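Each of the next two complexes has subunit A plus one more chain, namely subunit B in the first and subunit C in the second.
The block that comes next holds the complex of A and B.
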């Protein structure tokens, strides 16, 4: 096989195998796979409403995926995007519900609050790593759980809003909602912000000294250290900024979709983001595309469940297989090849 | 005589069309030490892999490969396991489901005794000095009772005493009927220890001889395919104060640096002679600013204490680290991206917030030309270059911006005659241009050839100092051994 055939043939073959496994899983669940796929595609892309909803899911996945990729490029496995997204959303929701000012002040303030919330949460893991050499995988995993419980406690307990019906903040004033791209849908300008951020990050990685040092620290830490790059500081900064990106994403869900913070604002975007980032090869621009693909799965799976009677868990199952395959390729294959 | 391994008409063409080995015949005889010499990329390591049955030839036949043991240049040991565990790994004696530890340790101990390879079976491999770790690698191969033992650059990281010990071991093995193939670029070793020599160039055999019928000069000319490379002349250079270390101590344990006081002046090369493990690594790392130390250092009258690695680079320090693949180069990056490393934070490699790609490309092109780096392009992955060419990139980068002080740690480790001469010449030229150069090398010949002054480092302290006019190989060697 030529190098080119390997580069493109491998993923293509993988996609076909995954689709075949998905079809098998649908059949096992007692459904007709063709009906299942048709419902999935129709539910995700069947009309303007469906496409907009897919793009809403794309946006929700894009920010945490960029966050994961950002940390990953610096050699840090941030699996805490979920918690950072929740903390960002919480801060955005609290600030948004409290602010009674015009939108042009409120919206930036809400988004910045979200970024700060996520940055603080990512920064904890970064500081533990920088100061004590603590493993960021374990730290971020634990912080995910703490974030969910802390947010729940705050909005149900001390910060309980009088008009809240569940574990949520008050609704944001309508002037603080993100402007919609298409009226009468849930698709806001967050999508544009996400794509702009991806382009900006691509520039940071490719061209800036900061991105260069980040990549060096990730690709060859011992070399980077001897080249005068401060590894602890890099780890702290990378985790903080990674958290900020995820938290910003949480804020866009609050200000753009739910219009309040709800502890269930994420059905696991921060975890799916790990798969999206890997599928996108950690390249911000490819991650935009990967987010769209996963967005299709995310929004199509519900209609697949409703109309073809295929449990939406089939999608989760296939996503899990994709992560496994990609992680194997990334972490196991190089070692085998090297020996 | 008994042919233990025979290669006939062996060729190896890698995917992508690289002809690493072309039509090579090689016979290894029982009881003989056979040296295989050649420049980087001549195909020696590929041939060794084929001889050991680890790589299939594209054409040709190999007879006897099933009984070949291969000792790698970069040891293939499990660092965190004990010596005996490494030796029996994959062939553990068992008692029921469990490893029979007593039997395994006894097997390793008796093997070590039988071959005179003194090593503690219970030591953890990562705590061992390189020379001892190599013994473990050899023991592991001997445990399989090979008829042929192939060693890939076995002396690259050994001190003179260790080299003598290694060859004594190999001689004893040969006396028991084992055929030995040693891949090396050190001609002195070939002449002193081998019976037969084969020289390769560009994948082909260019010289095949009994060692007693040839000479180091003839072997060297065959390797490089013409006249021997000459090293640059050291020109009379006025020296100026540059680097000063006063009572520097760093690290812990047996390999610590205990007390280093010396100057390196601009316009001179100071060589650190010493057997590996006498504080050299701690010294180099302390100067580089990546490990804590006590005592004081200054460069051009500016105190360095308290400065981190980045500040020291900014002050004019450049390093050529010991391990180019682990410490100096990002192997997945291009030459262009690698040459900016260390200088990314300042002009000319930095412009505003961006890395100046144009400046990096210009520098990469200069280095490729000035150091004769064999590469298809400056965009090539550094990991795809041969060791010698990688080292040229590292040295080129270190000397690029008229450094005040250069610390060169084993700058010619594991590279061939031609590349080594070039690296040594560039270091001398940097000295002639006024740079202060600290050369740390475990190869006494190299220290003697390049230095204006030699300091002997023994057990972490300076045991002696020699000016070039007073170089005395025997006395330096004695001080290195602690006399």
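The block that comes next holds the complex of A and C.
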């Protein structure tokens, strides 16, 4: 792609190319691409149940995407939203299974536990960066895997629940489940919480000193440092809060969808979130919309597999391509100094 | 584990793909590309090896396909990072998703079943041993090339101060792409070893984080090929030890975590001050 093409038709061209590649992959799988897309759209938007399930996926993607964008805006690469989401879900599941108190106490406690779990995990990477200058990319990559292993060890080993059938905690008491937005679906108020958080983050970035400092640290670290912004401290705070957002998201999956922690609660939401954050241009409100688009892909892919016989993994493939295509400097400034 | 020699043999088998991947990570980082797509490179290589061996009946052609597939994936990283201004980390993440999705998709399309391929013609004991020897040889050669050749000097300069290289009349972008190609070839050998050397099938997720362990090995090896290979051998031995210690009641998750915990420890500098190349992961623009 030449610079001119990128400047003028970039996003539209990119979307068309991605759709064409997806169509090609469907044809490779022996399916009519039109049937494939129709099955995908029908599976995601074909009725109230389908739309609700798409919104469940939207919610699951929204929190880690906001987390990734939050860190990006501060100039940090949080590749660890996946691990933070798992740790948040683990803490939420353990707290939720242990609490036998009314919902109005239990639910906030579960969500806060999730945020703390994610914050701790993000905070480790932030502390390594702030204290030792350790590369947060490496740290978060490693922490992702450690999170999965730790969660698996705890729920299968010392904290094994008597009623667990797999690597999971006990089921949460029904009073601790997030209230549903629409009865008899899996769509809970987590969606509303996510959108509210996006609006709040947009406000923080646009209208608060803290948000300004984060953006300054991300956009022009040297200028920010000379202006008296404590860069190590900002890095630590940003990674911790980013982790908290992802961990909160993990807690909403536990309390709102699965009603227990399961080590496989995320099919890679934390990684897809990077694509979502980029598509949303790192703007919290656009990320809500981008999460919906990717939610359609997530929830439609199963129906595409069932009815058009296209393996659902084609969606992951296209998401990977989308990240490559969208990660131009317009959205994310590549690192220009040793950091 | 019946004997110490049995343990050593298992450790070597576990270490070999890690050595290849760690060498790949080292050459890329020394040139200034932080290649987090190594996991994806191992994945496409392991898959291509099995798919081509299945189609042609020749595991050697499978090995070749593995090297080419991995080179292609890594070249995408190199080109995206140097020509299109895509951030390396973001591109690497995208390539890992692309590799995971692409192989899972192709597995169903080619073999008609999800999860794992049927058994194919593998490289056999002789081929497995040859690749193990090759891994050690590559470590030695790469160290010599980096230390003693003009190209190695340029690669090191590209990772430390690409601008200086530019003023010396060498194009750092091109050098970085070449480094990702060399790294891709090495990772390809590692991926082929996983599916056609150690085993004779491909299964989804069979690389299980080895590309990330390799990045840890690079740090532990202080960005030196021999050091990275040494760290990879240590991690391979840990992996072999896991089977022994598990019987003694040590949680397998703890053993599996050790390379990653070691990498975190290395980031704090407590294992001696290891320093990444100054321009590692830094864009050229």
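The rule we apply is simple: the second predicted complex is superposed on the first by the 318 of 339 C-alpha atoms of A that agree within 3 Å, B and C clash if a C-alpha of one lies under 4 Å from a C-alpha of the other, contacts with A are read in each partner's own complex, and residues count from 1 in each chain.
In this section, a contact is a pair of C-beta atoms (placed from the backbone, for glycine too) under 8 Å apart; a residue touches a chain by one contact, two chains touch by 3 or more.
In this text the structure is predicted, and so the values were computed from the model without any measurement.
**Q** Clash or fit: subunit B and subunit C on subunit A?
**A** clash
**Q** Regarding the shared-chain residue A:28, is it in contact with subunit B (first), subunit C (second), both, or neither?
**A** Second partner only, subunit C.
**Q** Could you say whether A:223 touches subunit B, subunit C, both of them, or neither, answering first, second, both or neither?
**A** first
**Q** Answer with first, second, both or neither: which of subunit B and subunit C does A:316 touch in the superposed model?
**A** After superposing on A, A:316 lies in contact with subunit C but is clear of subunit B.
**Q** For A:286, using the defined touch cut-off, is the partner it touches subunit B, subunit C, both, or neither? Pick first, second, both or neither.
**A** neither
**Q** Between subunit B and subunit C, point out the one touching more subunit A residues.
**A** Per-residue touch count on subunit A favours C.
**Q** May I ask you to decide whether A:207 touches subunit B, subunit C, both, or neither, giving the answer as first, second, both or neither?
**A** first
**Q** Among the options 77-85, 311-319 or 455-463, identify the stretch of subunit B whose C-alpha atoms clash with subunit C after superposing on A.
**A** Stretch flagged for C-alpha clashes with subunit C: 77-85.
**Q** Can you give me the overlap between the subunit B contact set and the subunit C contact set on subunit A?
**A** none
**Q** What residues on subunit B touch subunit A, complex-wise?
**A** Residues in contact with subunit A: 288, 290, 308-314, 319, 321, 326-333, 337, 340-342, 344-345, 350, 353-355, 357.
**Q** Which bits of subunit C are touching subunit A when the two form their complex?
**A** 34, 36, 76, 80-81, 84-91, 93-102, 104-105, 107-109, 114, 209, 212, 215-216, 219, 251, 253-254, 256-257, 260-261, 263-264, 267-269, 276, 278-283, 285
**Q** Residue numbers of subunit A touching subunit B in their complex, please.
**A** It is residues 207-210, 212-213, 216, 219-220, 222-230 of subunit A that touch subunit B.
**Q** Mind pulling up the subunit A residues that touch subunit C in the complex?
**A** Against subunit C, subunit A makes touches at 1, 25, 28-30, 77, 79, 124, 128, 131-132, 134-135, 137-139, 141-143, 145-146, 149-150, 152-153, 157, 268, 271-272, 274-275, 278, 311, 313-324, 327-329, 332-339.
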